[in-house]
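These are the structures, in structure tokens.
Here subunit A shows up in two complexes: once beside subunit B, once beside subunit C.
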Partner chain A sequence: MRGLLSLAYITFVEGIRSRAIFGIFIMAILMFAASLTLTNLFMRDIVKVAADLSLATISFSGLLMVLFIGNNLLSKDIDKRTIYMVISRPISRAQYMFGKFLGLFLLIIASTIFLGIISSIPVYLAGIDYENSTVIFKWNIYLIAIIMIAMKLALIAAVTIFFTSFTSTSFISLVLTIATYIIGTSTETVRGILKMKTEGIEISPAIEAIIQGAYYIFPNLSTFDIKLQASHGLTLPEGYILWAITYWLIYTGIMVSAASIIMNRREFP
Partner chain B sequence: MAIIEMDSLTKVYKKEFTRKKVCALNDLSLKIKEGEVFGFLGPNGAGKSTTIKMLIDLIRPTSGHLSIAGRKVSDMSVKRLIGYLPENPYFYDHLSAKELLKFGGRSCDMDSALIKSRSDSLLDQLELTEAMKRPLRSYSKGMVQRAGLALALIHDPQILILDEPMSGLDPMGRIKVFNLILKLKGEGKTIFFSSHILHDIERLCDRAAMLINGRLSRLVDVQKELSKEDTLEAIFMEEVGKSEGIRE
Partner chain C sequence: MNLTMKPLIFFLIFLIAYILFLPNFETSRKTIKMEEVKGLTLPPAIVKLLSLEFRNIAADLLFIRASQFYGGKVETIDSSTKEDWQWLYRNIDLVTELDPYFQDPYYMGNAFLSWDAGMVKEANSLLKKATYARDWDWMFPFYLGFNNFYFLGDNKTGAEYLRIASQRPGAWDFLTTLAARLYYMEGKTEAARAFMEKMWENENDPKRKQFYLARLDVLNKIFFLEKAVDVYESRIGLPPGELKALVKAKIIREIPRDPYGGSFYIDRDGSIKTTSNLASKHSR
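== the complex of A and B ==
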């Protein structure tokens, strides 16, 4: 267990000290600053716009971090053969995968906390500037939205870990993760359109089956997107958070466990 | 008593696209005794690194058996006995040597005080004390090699498996590593190392195995068989000549 935790720690340290993360943070801060200016272009519900833009910034910056820093932290181990140094120690391959995930998870938590705190500044300032909003902004829903973004990013990190377990280069795992992200964010919408059954538009059963299949195989990332509720101050349906946590635990667990099984069979010539 | 046992070890790789089979190691049987310094030499592509990677459980044999201290190499308790230095090691860029050794110690369940005292002593012996807080990416090739050796030794392992420990080292670095191996030999450690530098093998090893084209070509008792005329270089050239003659 100490091996797993120490691997998680060095993964976190390696990520937090990388130059790319500073670049992402600077970009995020500039976007938060820009959102202050942008909100002034709107005549009403400025808090809603500020909250929406801030959450989108956290989500986008976090995504860049997972895709580039997270993917690099894993693939580089195999590309540069740093994995030799880890596997030769009393750390099993399953512990290696879970340790890497835990390190990435810590990196996501730390980054989301940092970005979340900074993001609250434009939202707070927008609230002072425009008090007569028709929207009742709720900080607790805003906080839940940030936690949901962190969960989404951790799920994408688990998907990256899964792809890294069998791909030979960082580029392939990056492409596969991006593809999964695109599918994962759109299946819910596509499935919704499919259910509407617009008159005069025939959808072949094969396409219907593919969309249904994709919905169950790929992660449903829209589960973790509650920007709409957060910016409008809407209350979440009862049991929604519990459902999201359960879904996150199951999907993430399956991804990291599958990665461990694949890694256990893999050779490093 | 043999601490490392290899019995009819064979490794066949399949090429990624053509699936053509390449035999990297063919029917290798070796027994390395406890406390022995064992040299492993051969030309490039002879199967030395393949054998070492099998000992570390990075790759698995196609056939044959392999054990360390009577246990499977994948056993976690075996890994506590081993200190491994890969060929051209590469570590995490943003970690310092001190943090690297801390990771190494913690992964072997060592307590903090012991990690600190072992780290200080190893970094001092390998002349890395001044650079211990600097990120590893700023290290020269020789310094990385020495940091790798310190990591391999942090948990005071009984068995050392070193893949080309002298590669990338300047003459001073080579002397330091040479003296360290000599000191470890004096402490009764079992050392299994591959090298292209025949002179180092002659001076350090009790026995040496010559591997050519994935096969064990000759086992030499360095201390007994070598004389002024019969050098390891002469024996090695003779074995390489024989294998080329067979191929022709």
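== the complex of A and C ==
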């Protein structure tokens, strides 16, 4: 247990110390500053546009962090062959994988809190600048949206862990994670389009089956995307958050435990 | 030559060449993208897929693109063609597919399409989407009611939408009475004035506020002329054939001027109209 926690701590500190994280933070801060000028182009829904930009920035910079820093942190040991040092220590491989995930999870939480605080400044400023009774904005839903983004990022981190457990280079796991992200965000839209059934366009049952299969295999990242609701202050349906958390726990659990299983059977040359 | 100088010289040569040829690159780019006309609008389903989880941002950016029409074209509304308006409609429709709760595109679409483009049907389809999506917002059924009443002459549908508007939170109290008044088709100009006054009061954008003020001005003048016609009829016993008769009978001093550049006249059914039709002439 102590080994697991110290591994998580080391991973976290390594992530915080990496230079790339500063670049991502600077980009995020610049985007928040840009939102202050961009909102001037709108008439009524100024708070909405500020919230859109802030949430998108958190999500996008978090994504960059998980994809590049996270992926690097996870596959570094295998890339640089320092894994031999680790597996010779009294720590099981499953503990090793879980510790890595925990460290990355901490990194995601820390940076989301940081970005979340900065991001609320332009939203707050847009709110005091303009008052309209038809504009609804609720901070609690905005907060939930940020938490959901962190959950989504952690899920992607779990997917990365899964891919690093069997790939030999970090680049392959990066490509696979990006592909999973793109599929995960669009399966729901694709299914929606298929359901509309445009007249005169026949969709072969094979394609339909593939899309249905993809929907079950890949994570449905749209679950954690409540940016639209947050920027318009719409209340979420009852039980939505609970189901989202359950889905997240199960999917993340599957990914991390599958990664541990594969890691246990893996042989290092 | 000093070895460290070499890269610097190369760097300067390339830099100068870059600055010199930049305009050429631009013109060369223009030749290829010339045909990327405004007519290009992607289907909503494709944009939804392409924008991944950043659908809101896509909607915002597309709206900025659509509102360039507002910034650049509104001054020369006369020169906008049917295609320009169609483009505006398609873009706003796309933006509101991506984010159906977004207020600004509905406002802009309604203002331009109903008054300037004469595309009331399209304006109403946007307003219907807004009424459905923003089910707490009373402004959109209000506009929908107005359009039905004013442009389409469908008082019953208009009154129905006003009733929907009056039931939503924050709606003006006078909507219920206005709906009743419209239902029995009484005093079209007067009701339109009441409508316009409220729209003007509620508008924050100074440019649009000015638009409403101009329209209110015309409606006031029409109302004034209608009253004068009533006076004429009660005095002479016959309706005046033309507005000049009112001046001759010394009921009014002069025929007011239409700020839109048209001129007032009495229509065959006896109602007061203006050749500008409360919008710029060439756009219809």
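One rule holds for everything that comes next: the second predicted complex is superposed on the first by the 268 of 269 C-alpha atoms of A that agree within 3 Å, B and C clash if a C-alpha of one lies under 4 Å from a C-alpha of the other, contacts with A are read in each partner's own complex, and residues count from 1 in each chain.
By our rule, a residue touches a chain if its C-beta (ideal position, glycine included) is under 8 Å from a C-beta of that chain, and two chains touch if they have at least 3 such contacts.
What you see is a predicted model; the values in this text were computed from it and never measured.
Model built by superposing both complexes on subunit A: subunit B and subunit C fit together without a clash.
Contacts of A:I87 after superposition on the shared chain: subunit B is touched, whereas subunit C is not.
Touch criterion not met for A:A110: it reaches neither subunit B nor subunit C.
Considering which of subunit B and subunit C touches more of subunit A, the answer is C. When the two complexes are overlaid on their common chain A, residue A:L64 makes contact with neither subunit B nor subunit C. When both complexes are overlaid on chain A, the residue A:S6 reaches subunit B alone and has no touch with subunit C. When the shared chain is aligned, subunit B comes close enough to touch A:F268, but subunit C does not.
Rounded to the nearest 10, the angle made at the CA centre of subunit A by the CA centres of subunit B and subunit C in the overlaid structures is 160 degrees. After overlaying the two complexes on the shared chain, residue contacts for A:E14 are found with subunit B alone; subunit C is out of touch. Once you line the two complexes up on chain A, you'll see the smallest CA to CA distance from subunit B to subunit C is 29 Å.
Common to the subunit B-facing and subunit C-facing surfaces of subunit A is no residue whatsoever. Every residue of subunit A that touches subunit C in the complex is listed here, in rising order: 38, 41-45, 48-49, 52-53, 55-56, 59-60, 130, 132-136, 182, 185-186, 189-190, 193, 196, 221-222, 225, 227-228, 231-232, 234.
Listing the residues of subunit B that touch subunit A in their complex gives 13, 50, 53, 56-60, 76-77, 79-80, 82, 84, 86, 89-95, 99, 102-104, 106-109, 135, 148, 151. Residues 2-3, 5-7, 9-10, 13-14, 17-18, 80-82, 84-85, 87-92, 267-269 of subunit A touch subunit B in their complex. Taken in their complex, subunit C has these residues touching subunit A: 45, 48-49, 52-57, 59-60, 63-64, 67, 99, 101-104, 107-108, 134, 136-137, 139, 170, 204-205.
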